[in-house]
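Paired with chain B in one complex and with chain C in the other, chain A is shared by the two complexes that follow.
Let's look at the complex of A and B:
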């Protein structure tokens, strides 16, 4: 069941790229009530899409991902819970080298690299059954 | 909603949101581009790495053929993402 108050909102989304529209509306509602600026909203939507689409592409085993948004003073925390037996720690993913020439650059890894640029902290935990990711954005 | 249209002067005009749910249709359109072109971002509100990947693949294919894309009128948020990704080294951005 979705839960919400002005500082906390949580909802499960089907693992499908088509869920992005509903996810962006979910973020939009929270952003208005928390008076986030356009730049903050862009960064949060971008980071959520990158994590969510990774879960859709690389862990298709279960059907839903739970996303939460939580305002704790100057920190905006975005949480993801995904049932996943085999951990994939995005904080350990080696950064792409964005300075390579077009001939040497390869697709892949750019999304996680950009999450680290747009957000202030990325945490990952795995308890044997669930992957939990928390992205933090300083919003004041 | 994402739309790609070709204007009368040959510019590729992007509008809306280029996210992962729109990437397949966007890729089909960019695959049709075979010559140098200007891509106008004026009405594009948002792009994710899925969209960046499509533009990168198109630019790489075009560069191999001696052609290229020039990107114009990005909003500041998209411009920042391109800068973080160092796509300013890959595209002419105005």
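Let's look at the complex of A and C:
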């Protein structure tokens, strides 16, 4: 069941790229009630899309991902819960090197690198059944 | 909200793609198709105008990476223009300004093709 108040909102989304429109609306609603600026909203949408699409692409086993947004003073926390037997810790993913030429760059890794740049903290936990990711963005 | 549109026009031998809306994992294939169609028609002088692009994700950024080498091998280029600060920021974080020519406005980018720097 979706839950919400002005500082906390949570909803499950079908694992499909088509869900992105609903996810952006979900973020938009929270952003208005929490008076986030355009730059903050852009970063949050970007980070959510990257984590969500990774879950769609690499863990297609279950059908839904639960996403939550939680404002705690100056901290905005974005949570993801995904049923996943094999852990994939995004914090361990090797960073891309932005100074490399096109010829030397390998595909992939752009999204996770940018999550780390656009958000202030990335936490990953796995309990044997679920992967839980919490992204933190400091907001004024 | 996450609608995405591409408007293609051509003038003076340069193909301009105007992007509008949200370029995300769901809509990135539309941009891939647009680039692929230009390459199929051997049109390698390409300017992408970002004026009305509200949002881009790594899926969208990856499309530019996927086509730039093929375009340059054919003596063309993909030049980028009119980015908003939010969109420019993600290009900048990835070091894309050293990989792509990025201009403030479309006329300037078209002018660079006319200067004959890259045909």
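Here, the second predicted complex is superposed on the first by the 140 of 140 C-alpha atoms of A that agree within 3 Å, B and C clash if a C-alpha of one lies under 4 Å from a C-alpha of the other, contacts with A are read in each partner's own complex, and residues count from 1 in each chain.
Here is the rule we use: a residue touches a chain if its C-beta (ideal position, glycine included) is under 8 Å from a C-beta of that chain, and two chains touch if they have at least 3 such contacts.
These numbers were taken from a predicted model, which means no experiment stands behind them.
With both complexes brought onto chain A, simultaneous placement of chain B and chain C is prevented by a clash.
In the superposition on chain A, A:29 makes contact with neither chain B nor chain C.
With both structures placed on the common chain, the touch criterion links A:117 to chain B and to chain C.
Look at A:38: by the touch rule set out above, it reaches both chain B and chain C. Comparing the two interfaces of chain A, the one with chain B and the one with chain C have residues 17-18, 20-21, 24, 38-39, 42, 45-46, 49-50, 53, 56, 98-99, 101-102, 105, 107, 110-111, 113-114, 117-118 in common. Listing the residues of chain A that touch chain C in their complex gives 17-18, 20-21, 24-25, 28, 38-39, 42, 45-46, 49-50, 53, 56, 96-103, 105, 107, 110-111, 113-114, 117-118. Contacts from chain C toward chain A in the complex involve residues 1-2, 22, 24-26, 55, 57-59, 61-62, 65-66, 68-69, 85-86, 89-90, 93-95, 98-99. Contact residues of chain B toward chain A in the complex are 17, 19-21, 23, 46, 48-50, 52-53, 56-57, 59-60, 63, 76-77, 81, 84-86, 89-90. Within the complex formed with chain B, the residues of chain A that make contact are 17-18, 20-21, 24, 38-39, 42-43, 45-46, 49-50, 53, 56, 98-99, 101-102, 105, 107, 110-111, 113-114, 117-118.
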